[in-house]
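Chains: A, B, C and D, in written order; residue numbering restarts at 1 for each.
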Amino acid sequence: MKRQDVAFAAGAIVVLLMGFGAVHAVANPYFFFAGYVIVQYVVLATAWNILGGYAGYINFGPAALYGAGVYTSALLLKAFGAPLVVNIVAAGLVGMVLGLMMGYLTLRVQGVYFAIATIALVIMLETVVHNIEYLGGARGLALIAPEPPAWAVGRTQFVFLVLLAIAVMSVALARWIERSWIGRGLRALRASEEAAECAGVATLRLKLAACAVSGALLAVAGAPYIYYASYIDPGSAFSLTLGLNTIAMPLIGGTRSWAGPVIGALLLASVQQAATVTISSELNVLMVGLALIVFIAAAPDGLIGLAERLRRKMHA
Amino acid sequence: MISRRRFSKIAAGTGLALAAPALSTSSLAQAQPIKIGTSISLTGPLSGTKNALTGYQLWRDDVNAAGGLLGRPVELVTYDDQSSPAQIPAIYSKLVDVDRVDLLISPYGAVLSAPVMPFVKQRDLFLVGMFALAGNDTVRHDKYFHACPWGPNSQVNWARGFFDLARAAGCTKVAIMSADIEFAKISAAGGKAISEEYRMSVVYDQSYPPNQTDFSAILRNIRAAQPEAVFVCSYPPDSTALIRGLSEVGIGDSVKIFGGSMIGLQYASLLANIGPALNGIVNLHLYVPEPTMRNPAIDGFLARYEPLARAQQLDALGHYVPPFCYAAGQIIEAGVKGANTLNHAQISRYLHANPVQTIVGRATFNELGDWTEKRVLMVQFRGIRGRDVEQFRQPGRQVILDPPPLRTGELVAPFGAARSG
Amino acid sequence: MSEPVLAVRDLTKSFGALRALGPVSFALRGGERLGLIGPNGSGKTTLINCLSGTLRADDGRIWFAGRDVTNVLAFKRARMGLARSFQIPKPFVGMTVLENVLVPLDQIGDGSDHEARAMAILRSVRLDARAGDDAKRLSHLELRKLELARALVGAPKVLIADEAMAGLSEPEIDEILAILQRLSEAGVAVIMVEHIMHAVMRFSQRVICFETGQLIAEGTPQEVAEDPLVQKVYFGEPARH
Amino acid sequence: MFLEILINAVATGLLLGSIYAALALGLAVTFGILHIPNIAHPVFVVLGAYLAVVANERGWDPILAALAGALPFYLLGALFYEFYARVFERRGEADTMQALTLFFGVSLVVETALVLKFGTNQQTVDVDYVGQSLRIGLLVMPYRLLVPALVAPVMILTLWAYLKFTYAGIAIRAAAHDVRALQVSGVDPHWIKRHAFGIASVTALVAGAILVIIGPVDPFSGRLQIGRAFAVVILAGMGAVPGTILAAFIIGVAESLVSAFLNPSWSPGVAFLILLATLALKPQGLFGASR
């Protein structure tokens, strides 16, 4: 138990050091452009899984929270030239508030209804942004971010490192939740909310906590985007594809443990990054669709579940 | 994506005297190719512009047939950006850092170009702009050259032609409607600015969501405001729905001129689909087959484009995007040949100093890389009958009203009369 | 005669126009074994849900362990020692049997020795051999036992066993009865909600009978069984087995 | 003028509402009655629209084409349910997340298949009555909306009568409440659900034909309708088939009034606002039994 924690911490530090080392060792910036997209999905998938995987509440609108993070950060940058750290914290707070609102929705609606309500959230936020002139409306907003610190080599390398740190923290947080009594309570309410409540689990409080943490992390994932792309528009911030991938990744990796979304994100996002530049994007989407169907039909517990099943079979 | 081999086969199959790269002189084949990189929206909402690729390919084949650039063959490196700006940073980094392309062309339009601009500014790279209105106005990069004749200060000015026509027709009250889409919003803002400048009162100004299918409420509100000019900034799906609504509920007798910035009325499939309901509308275009526009070069280009379009199910007319992609190639060609190097600074210096003759006209660049002379057409649809695409290849159907040097007819007004006529 | 550990006064609950329960009043003494019978739809499950707090009663009051818990949320009642099992077992699937028992322990425990305590409870219902298995792989009897094990964690003052023997064979019924018997001996008051009459009659000290949301009979098992109203209600539906 | 705008806004809202009802009807069966969250329904609508386009190119009227294609679509829907049931059979009750994801995956595959076959271009049909309007005093109703709007109530009435008066219809409604009771009465619940999916799929086909009469359709048109269709079903209340039309009227008129008197830009939010408000304030909907 303790040894596992030490191993995880060591792994996290190694990942961060490797990231930092890569920024100085790898001259080719493309690595960080593509890496940013992949790491962003690690954060998104991990964040989504805290609510969707552990608690079983399917947020079909992760793009709403991500978009809220993107626009919060851009707004602060435009209005006050706020530094990235401030934007990340602010995006997290906005995400947390939206998450709590979503959490209160769980009081009233479960299952499919919750999923549909979250879709509504995406459209509502996108409509709101369309109608706010200061945020560029449908036109989008082009902003040139301030120069990155010198140690980060370049702008892309800088946001890559920031996002990598966010990813490591998100995964650590997800892992802690999963292994603590909170995770156990969430899994219990996923199985049966009524039984969990009758076993003394404060289900509403746990759901609110899960919604808040998940919402905050989803929004945080969007905060550095304006520094990455220098341009945001409602279409990319509230992107359907982004939402789809965020849901697909934990399902492909496995929703029961922190490693599932990480594996799913690394796998699917890398394949997609490679696919963008090799095969047509129709086939790309077709691939995601088929993967979803195949995994639901054949490996409902994702790659991790599949691996466990194989291991059991070999031992038996 | 159409592979090069298949493209060559199609090209060869059409029996045109196209020299595919493989047929070029042996010395050219041995030389290290010059790579030109860009992204194309093969999929997603902007995939109507995917015929850009054909424009680039035709230029590449021509330049290679003529011995290449600096004695080296030209090679295109293209990726599908899925019409999504989120894809752009990684794609352009891949083009520059991994594929090591020599020269860059921007993706289509302002939304997709926006993430590229800070990138090229930071790396100090040469870039040919494609269709982005005021694409360089914020970043002000000195190595940017626009292949599109939007003209200087295009954010405001590009649609001035429509308002010049409106003023000449005596309009004082204008209605502006726009889709919640980047290009439409910029157009609408420009339209408002010019209205003020011309002391026209804006009696209606509202935007609507993309994919709006029913325009009756909007059209009634406009009719109630009794404008004389209606400046419409729409996108393909809503352009169709709007024109249908026009036939259904009408717009009132006060209107003298209607249209302006309706995207989609340049595409063959939409034109054929709407048919006679187009008559009377005044709208932007960049090329129409009117006598003042035609020259052997563009005629030849379109003649080669047509069979390819048929084989690949691309836009049948190819008037809107492909010629300007070919022109983008010509701008690169002129710059590289003129400066006799691939050095971005020297190419830029040359292009700033010398005009370029393209198949879409002579381009002289200002300090922001925009054409010094705006050459956006305002055309009026006339005598459209039935749904045959061929009629849009004939002169007299899309009459040029503005700019004056290219004019082939006068505005028919009021709008009601122009529609029935 | 000890103080009532659980008391209900004038409790009512309606769904739309349908009055599902009450008004009903009764009390349960500490350590008592109470049988609760009544045909399907007589309001038993509604009553249990109101008692455990998963349903909010429209009117009336509930006292538990000397406190008015009418407005106390379900999870807090559970933590106070008001435990229940479910008619249709609701295991926490996707978790091991041990984890199933750890969930309630997490809520009330002080953090020490949770696993040892959970194992002890599992041993008491003879489920310890399956501690490491996913709950979804349990047999029907084992699921019933798991329900009880989970309910036992907080050393409850009251256990409501909602048809804890439905669908079980005779020897299995005996096994569950033995567990409940041991609990009762340890001082836990048990409300046995059951259709299996011989088990209720054997186990209970007192029996109450519900029909259309009303308490229609109360007394020793013998008295209730002979009550003409009860016989009428069960006419054509004689005690099974 | 105000009166004219008001009258016409309400009329347009009613017409649109009627069309929304047609779009949501299949969902009212699969989701409202059977509680299977078939988010792939809108993509079946789009598939129907493409069928109408193809038939129209050969000179067929889209609505007639839809009627002609009813049997294959019925089979397609039944097959689709069979697939769904096979996937989840072994696991008993379908996990909501997995069911949603499966339907999501199916939507993507169908959309992409359409893109690969037809491209992303907008598809339209050529019908004589498009472009003309029925004028009664101040009221102007385009036939483009009027004709489809008349189809929807007919479809809903037919379905309602079917569910109310036929044996299979009653069995479908029973399947929602108690599968065991159904088995006792000798009806195979799988057959009933398959049948219901078949019917839902036919309504999707008709709705598709309607959709493409109203305006151009592309492979992704279904996405825009998902939220609205669910809003209609949930506002109506689960299982309330006749209520679907009233709920759709409310949403249609609300959107139309926002368009006419506030700002058209806000109208996409209207359906979702109503949806969220329903979920928060009256989750059982206007006509549904309480859950």
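Everything that follows uses one rule, which is that a residue touches a chain if its C-beta (ideal position, glycine included) is under 8 Å from a C-beta of that chain, and two chains touch if they have at least 3 such contacts.
Since we're looking at a predicted model, the values are computed, not measured.
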Least step count from subunit B to subunit C, where 1 means the two chains touch: 2
Listing by label each chain that touches subunit A and subunit B gives D
Chain separated most widely from subunit C, comparing mean CA positions: B
Quick note, more Cb pairs in contact for A-C or A-D? It is A-D
If you average the CA atoms of subunit A and of subunit C, how many Å lie between those two points? 42
Would you kindly tell me how far, in whole Å, the mean C-alpha position of subunit D lies from that of subunit A? 32
Interchain centroid distance [CA atoms averaged], subunit B/subunit D, Å: 38
If a residue has to touch 2 or more other chains to count, which residues of subunit A qualify? 127, 130, 282
So subunit D residues touching two or more other chains come to 115, 263, 265, 268
Name, in rising order, each residue of subunit B that touches subunit A in their complex. 1, 42-44, 79-80, 82, 84-91, 93-94, 96-98, 111, 114-115, 117-119, 122, 138-139, 179-182, 184-186, 207, 209-210
State the interface residues of subunit A toward subunit C in the complex, per the touch definition above. 181, 184-185, 187-188, 190-192, 194-203, 256
So in the complex, the part of subunit C that touches subunit A is made up of which residues? 52-54, 73-76, 78-79, 83-84, 86, 90-95, 99-100, 102-104, 106-108, 135, 150, 153-154
Along subunit A, where are the residues that touch subunit B in the complex? 28-30, 33-34, 36-37, 127, 130, 137-140, 142, 144, 155-156, 228-231, 233, 235-236, 239, 241-242, 273, 276-277, 280-282
Give the list of subunit D residues in touch with subunit A in this complex. 31, 37, 87, 91, 95-98, 100-102, 104-109, 111-113, 115-116, 223, 226-227, 230-231, 234, 263, 265-266, 268-269, 272-273, 275-276, 279-280, 283
